[in-house]
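Okay, so chain A shows up in both of these, paired with chain B first and chain C after.
Up next is the complex of A and B:
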């Protein structure tokens, strides 16, 4: 599978994106037709010699210049507005609620569980196919914007305010979401993966995310010690261990994610090593300090440990 | 004879040529042994006094009189000044006496100078005279103890502070002679003997001590006090000293006075931030790297419990201004220090200074 997944409203896989794509096609085709007519008339005016009939000319100017646009634009507005209630309507009671907060330059994600608990994860959202899902969107610092082009519209994330959005995916697959509001140095590297899957796969995933960190092999235990001792836990949480930091992404099930650093690199051992040892060369401006002094074997152990956190 | 433009020009050329011949021939002596002429000396002294007086305007001694610790000043004087000036009020050492100008005997006439003037001289040195500038220009805060010491020594006609050596001290020194270079400031047990500007080293992580001493030696960590001390240390000595201070765990850390005086609320604010960090402001918890009770803390990370409050607060300021330097790992501290307000620096330092019990010192 390609690392960079689909990120286009034309390759739609959700109800919102589908109607937005419909609107786009209507406007594109309509616009082309009108353009053809206008250019045709211009050519006609130049090519046909002699005086044109005054009365017909006047009618054409009033009809084509005022009446026709009014009708077309009103129709377009009505068509567009008619789409809104459906796009805006909150997902029905009982749908999954997902809170997403934009943080320079990554995404903090909480799944609200039926029992009232909230399960924290980061940078990767899973959705059940053919079910509407309600998003609560916030920011922890500056203005960001949440946009998964293949699934729906784009909504700003404002500090001190909660915006909402409904997504209703209709096709299984992996899609890419992005921050669509310039938010500083690493803005272009602030993306996330959306994985739309069957209800069963989704339930399984959520159950696993809600659990504490999995048991790790003896080889990875050295890595866990290095993680604790190097102070990674000052910023990151791994539920079930002493790491309970809140400044950076939750890593409890980091090994199950597709990517590293808000969808900057595919999640594999080499990239993870680079991320930890030369963080700023991978993503400049990021709020995680590079741990340049870790020895090679320490890095290897650390990477092994994080990889096992499925 | 009439003075015309033409003749003046010819005269200038002749003098210029003569000057060049004298210069190139090398007959002018640069030897220091002959000293300056009386008039040259008077002129230089006058010019430098005027310059110091003019340029030191605006420098103010610190409000906190605890930073004018004469005890520490005396120790700094011993390492940084004595080999040129001798002890205050006494003869200069023979080698320095051969300099031109000779490093002056620092006698009571120096009391006529304002503290700010002394600070200026020690910070910047004196050009063409062999009086060196402070080793790190950005650490001029370290100079005030020296000023305090000079004034006190001259006022009280006192040469130096007697180094009190207990039997314990002597035994340790016999085992590790290089400790001689440290005891008067850090004590044998790593508890500061020279006030709150000197950090406690007792039980400190061995790796951190080693990296810090190496960083002082290579001038990667800035201190006009510690850089000269470490300059001559060998790798083996650094290892031995780190091991010594790591293993010597003193249980009688003096309760940091400021922390004792601090109210409960300050300590609690510091504790909250140190233990839990602040998500909204992106401040990580200090505890994971510095303790208390950090799981498996890296040996290169310093323990802060029981450290002098003033020292901790100052280090955080120095990190923020990027003048502290340190081992390579010190870069971890820069973004963290950038986010702390003055109030938070004080709260955090008070909290760590208030951790006194031995079990809050690093685990072994």
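Up next is the complex of A and C:
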């Protein structure tokens, strides 16, 4: 399992990404071939001295400059188009459906459950290996684009529209997804983690995400009070508590996530302290106020609380 | 460019029938326009069909595209062919940049012929999408 998330379309770990990488190589070779022949002909015309034979020149110009590129382009287009139906076909009925909404500058995620419920989480997507999954992509504000280069293609998220995408991961590991459409100040800090794991690990994770917030230690209890008292619950939900805001990411199982702030910082106590106290220095532009006035012990309790929300 | 500098001999062919093709500038725009209309027609039909009518069955959509193509291609080929015949008359040497009716006609004919060839390829590329991608996904 790779621990540094991969974000390369050529380091493919999914059915879609694999055919896209194949397409890339074929296109590259096709492009190089055209370049070589066209430039080769130009060099030939310059280097070979004396008058060129009229008839042959005309044949080379028409053949090398028009007919040959047309044939290569037709072949490349055919190859690329023939790939499309498979890439675009929705995941079969009964596959996991995951709704993802782009929000400046993070990702709201809902897993559709077989019983019709939806489980909310944010900024981290888990997928079972070797199973196709259907994504429903939306936006809550401006245009974003959903892209996990190692797993598949890129799809825009439009306000007022639902786009779809199928991903079919084939290798266990951690991958990085990004917003691929400029959406404002913190666009480059709008990423997410994708964890591809075995069916058992995935089921266990989803079961845990679907549950209410876990019981917490006595030390964390002080943090829960500060969370409630500071107004965090106006923007964040922690299911099982009175916090039910919807402006920001759901924090019910925040402690189980790898990263903070849409894959900006690794999730640990120091980084979380920074995130809360100097939010805008970590990620400028976010719609969460920095809580600079919290005392050190209050911060420590708050961080402890959030960290225990596994 | 003054004539004394560029003493290119004007080909003296076809002077009996002056201006064999009474074509103006718009003549060269026909083929690309037919391609554009064909493209739009295919695109709009596909969009309406996939969104409003029949997701599953694509036959009618493919048949419509076939009909559009059966209209568009002959027009483009006809323009291309008559342009070719016109500019080849007497096999005049390039470039056709002399400011007289003969060279202008050759220029129009040659340009229209090249654009028609391009339009044929572009139209076929449009059709290829409907042949190879047999779904609304």
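The rule is short, and it goes like this: the second predicted complex is superposed on the first by the 306 of 310 C-alpha atoms of A that agree within 3 Å, B and C clash if a C-alpha of one lies under 4 Å from a C-alpha of the other, contacts with A are read in each partner's own complex, and residues count from 1 in each chain.
As a working rule, a residue touches a chain if its C-beta (ideal position, glycine included) is under 8 Å from a C-beta of that chain, and two chains touch if they have at least 3 such contacts.
Owing to the predicted nature of the structure, the values given are computational and were not obtained by experimental measurement.
Contacts of A:140 after superposition on the shared chain: chain B is touched, whereas chain C is not.
More residues of chain A are in touch with B than with the other of chain B and chain C. When both complexes are overlaid on chain A, the residue A:234 reaches chain B alone and has no touch with chain C. Once the two complexes are laid over each other on the shared chain, residue contacts for A:64 go to neither chain B nor chain C. When both complexes are aligned on chain A by C-alpha atoms, no chain A residue touches chain B in the first and chain C in the second.
Chain B meets chain A in the complex at residues 276-277, 279-280, 282-289, 294-298, 300-301, 327-329, 331-332, 335. Residues 117, 121, 125, 128-129, 132-135, 137 of chain C touch chain A in their complex.
Across the complex, chain A meets chain B through its residues 140-141, 225-226, 228-235, 242-243, 245-247, 287, 289-293.
Those residues of chain A that touch chain C in the shared complex are 66, 70, 74, 77-78, 81-82, 84-85, 88-90.
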